[in-house]
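Here it is, the structure in full.
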Amino acid sequence: MTVFPYLVAAYVFLAGCYGLATSRHLIHAVGCLSVCQAATYVLLLAVGYRDGGTAPVFSDIEPGSRPVVDPVVQALTLTDVVVGATVTALLLALVIQVVKRHGTADPDELRELRG
Amino acid sequence: MDDPLIVVTLLLVAAAATAAVAVRDPVRQALVLSVLGLCLAVLFTVLQAPDVGLSQLAVGSALTPLLLMLAVRRVGRRAKGTTGTTGTTGTGDGEREKAR
Amino acid sequence: MTRRVRLLVLALGGAGLAALLVAACLDLPGFGRARHPYGTRAVHASLARHTANTIAAVNFDQRAFDTLGEMTILFASVLGTVVLLRQSRDEKRAAPEAERVAAPVRRYALLVLPVAVVTGLYIVAHGQLSPGGGFQGGVVAATALHLLYLGADYRALTRVRPVGAFEIGDALATCSYLVLGLACLLAGAAFLANTPLPYGTFDTLASGGTVPLLNAAVGMEVACAVVVLLAHFLDQAVEIEEEGSRSG
Amino acid sequence: MNGWTTTATVALAGGLGATLWGAATGPLHRRAVAQNLASAVTAPALLLLAQGYGRPAYVDLALVLALLGPVGTLVFARLLAGELADGGQSPGGRGPTLAVAAYGALVVVVLCAVTGPSRAMVKLLVVGVLLVAGNLIASKALSGGFGTAGASAGKNAGQERESNGRG
Amino acid sequence: MRPWRAVRASGEVTVWWAALFALWLVLISTVDPLELLVGAAVSLLGALAARAGRRAVHDE
C-alpha cells in the first residue's frame, strides 16, 4: 500500500497519454497534455510526503515543533504549475495558427491535407 | 498510508483525470479540467503542500478555463466557416467528430 | 497506417510504459517515510536566513538560478504566443459590441475586482512568510483584472488595460531579477547568492534578505505575462473577424 | 485524523465526487452548474482542513478559491451564454446550490465560533461572505445572467434592461 | 462642476482605500510599520483599480 500514490500518478500519466494519442481535436489534446502534467505533480509531492508531517511554513508554527514534509519537491512543482499554464497558452496559440492555416482542428484531417 | 483523506483525494484525482480524457468535446473537457484542478488543489493541501495548492487554485480555477474557452471560441468560429455545419460556437465540433 | 494499427501500436507502447512505470514505482522509497535528507537541509538553510516559508527560500534563495530558468521559459512562451497570435493580413478588426449583463453579476465583478487585486498583492508580499509567493499572487492579481471582461464587456477591459505597458512591465520584471542577481555579484558573492542584504527579524515582511525582492520581481512578471497572454487571446476571440464571416 | 478532517473527508468524497459526476455527464447546463458547485463544496472543505491540521495559514487557499472559483464559473457562463440558453429551459440546480451555500455558511459559522473573536475570525467571515455571495451570483449568471439576443429568460428581462442603462 | 467631480473622485478613492486597508489588516498576521506601509500602498493601488473599473463600465 506504500506505493499507491505513485501508482495513481502513473495511471494519470498513462490516461493522459491515451487521450493525447486518440484525440480528435487539437484543443482536447492540449487538455490531455495538462492531465499528463498533473501526473508529474502528484508523483513529486507523493515522494516528498511524510506521515504526520506538516508544511514547512513557519509563519504560524514554531520551527522544530512538528515534523515537516520535503520543501524541495514542492518548490519544483510550484513553479511548474504556473509555467505549465503559460506553456499551455503557447500550445493553444499554435492550435489557433494551425486552424487558421488548414481550417481544421482534427489531427487526422491535418495528415490527409499533407498528402 | 493510513490516512483515508489521502486515499479519497487520490481516487478523486484519478477519476477526474479519467473523465477529463474521456470527455471528447473541448468545451465539456474544460469544465471537467476545472474540477480536476480543484481535486488536485485538495490533494496538494492534504499532502501538506499549501503553496502548490495555491498555485493550482490560481491557475486551474479561472486562468486555464478562460484560455481554453477563448481558444475554442476562436477555433470553433473558423471551423464552422469551412465545414459548413451549423452549430453554435465550438461546441458542435466534438459531437460532429464523434458521429464521423 | 490505419486507425486500428495505430491503436494497436499505442496499446503495445502503453503496456510497455505501464510495466516500466509500475516497476519504477515499486522501487521508489515508500510513501510517507520519515527520511528526507534534502528536505531537512533545505529547512535548516532557510531558518538560518530567517525565511519563514521554506518553499520560498528554496525557490528564491537556494535554487534562485533554477527559478531564473523557469522565468525564462515563462517569458519565452509569452513571446511565442504574442508572435503566433499577431493579426495577419487577411484579418480585419471589428469593434466589439456592448454586452448585456445582469446587474448583480456586474456589481459583483466591480466589488470583487479590487478585493482580488489586494489579495493577489498580499499573496505576493507575504510569499516568504505564509503560503504563496510571486507565482501564485501574480496570477490572482492578473485574473482579477479580467473580471471586467467577465462582469461587463470587452470594451470596459480595454479601457483600463494598456497592453503595451504590461509588455514593458513583463520585460522590466525579468530584467530586475537579473539585475538583482548581478547586484549580488557586485557585492562580492556568487550570482543570485543571498548575501548583500541583512536577513532581518524572523517572520516579518523584511526578513529573508533578497527573497522578498526576487519574489516581487517574479510576481510582477507573472502578472504582466498573464495579462499579455489573455490580451492576445481575447483579441483573437472577440475582436478579430475574418474576411467574409461575420458572426457574433 | 480528527473531527475536522473526518468531516472534510466525508464532504469531499460525497460532494466533490457527486459534482465530478455531474460535470462529466449529462447536458451542458447541468455540467456548468456542477462545476460551480464543485468550487462551492471545496472551499469549506479547505477551511475544515486548515482547522483540522491546526494551520491558520492554510486559510489563504480557501480565500483564493472563494475569490476565483466564481470567476471560473463566470468564464463558462460568459463564453457559453448562447449554448446555455439554448439547451436549458429548466435551469434546475436551485436546490443543490442553496444547500451547498448553506453548508458553506454553516462551516464558516462553526469555525468562527471555535476561533473566538479575533482577526482570524474576521478573515474567516470575509472568506465566508465571498464564498456564499460568489457562488449564488455565479449560479445566477449560469441561469441567464448574460443575455444574448433573444435568449434572455423572461424573469431576467427587467434586470437586463436596468443593466443596459446607466447604473 | 469640475471641482465637484474632483471631490467625488477623491472621496470614492478614499472610501475604497479605507475598506481595502481594513481588509489588509484582516489578512496579515503580525502588524509592524513596514507591513502597514506596504498595506497602504497596495490598498491605494486597489482603490485606483476599483475607480478605474467603475468608470470603465459606467462612463461611456
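To keep things simple, chains are lettered A, B, C, D and E as they appear, and every chain counts its residues starting from 1.
To be clear about the criterion, a contact is a pair of C-beta atoms (placed from the backbone, for glycine too) under 8 Å apart; a residue touches a chain by one contact, two chains touch by 3 or more.
Note that the coordinates shown come from a computational prediction; the quantities given were computed from them, not determined experimentally.
The set of chains in contact with chain A as well as chain B comprises C, D.
Looking at which of B-D and C-D shares more C-beta pairs in contact, the answer is the pair B-D. As a whole-number value, the distance joining the C-alpha centres of chain A and chain C reads 15 Å.
Centre-to-centre, using mean CA coordinates, chain A is 38 Å away from chain E.
Our note on geometry: chain A versus chain D, Cα centroid distance of 25 Å, whole angstroms.
One finds 19 Å separating the Cα centroids of chain B and chain C. For chain B, residues that reach two or more other chains under the stated contact definition are 1, 3, 22, 30, 48, 50-51, 53-55, 57-59, 62-63, 66-67, 70-74, 78, 81.
Multi-chain contact residues of chain A (touching two or more other chains): 2, 4-5, 18, 46, 48-49, 51, 54-55, 57, 59-60, 68-69, 74-75, 78, 81-82, 85, 89, 92, 96, 100. Residues of chain E found to touch two or more other chains are 23, 27, 29, 57.
Pairwise, the chains that touch each other are A-B, A-C, A-D, B-C, B-D, C-D, C-E, D-E. Within the complex formed with chain B, the chain A residues making contact are 1-2, 4-5, 8, 11-12, 15-16, 18-19, 23-28, 30-32, 34-35, 38-39, 41-42, 45-46, 48-49, 51, 53-55, 57, 68-69, 74-75, 77-78, 81-82, 84-85, 88-89, 92, 95-96, 99-100, 103-106. If you check the complex, the residues on chain B that touch chain D are 3-5, 8-9, 12, 15-16, 19, 22-23, 27-28, 30-32, 34-35, 38-39, 41-42, 45-46, 48, 50, 53-54, 57-58, 61-62, 65-66, 69-70, 72-73, 88-89, 91.
By the touch criterion stated above, chain D contacts chain B in their complex at residues 1, 5, 8-9, 12-13, 16-17, 19-20, 23-24, 28, 31-32, 34-35, 38-39, 42, 45-46, 49, 53, 55, 57-58, 60-61, 64-65, 68-69, 71-72, 75-76, 79-80, 82-83, 86.
Against chain E, the residues of chain C that register as touching in their complex are 106, 109-110, 113-115, 117-119, 121-122, 125-126, 129-130, 144-145, 147-148, 151-152, 155-157, 159-160, 203-206.
Residues 2-7, 9-10, 13-14, 17-18, 21-22, 46-51, 55-60, 63, 67-72, 74-75, 78-83, 85-87, 89-90, 92-94, 96-97, 100 of chain A are the ones touching chain C in the complex.
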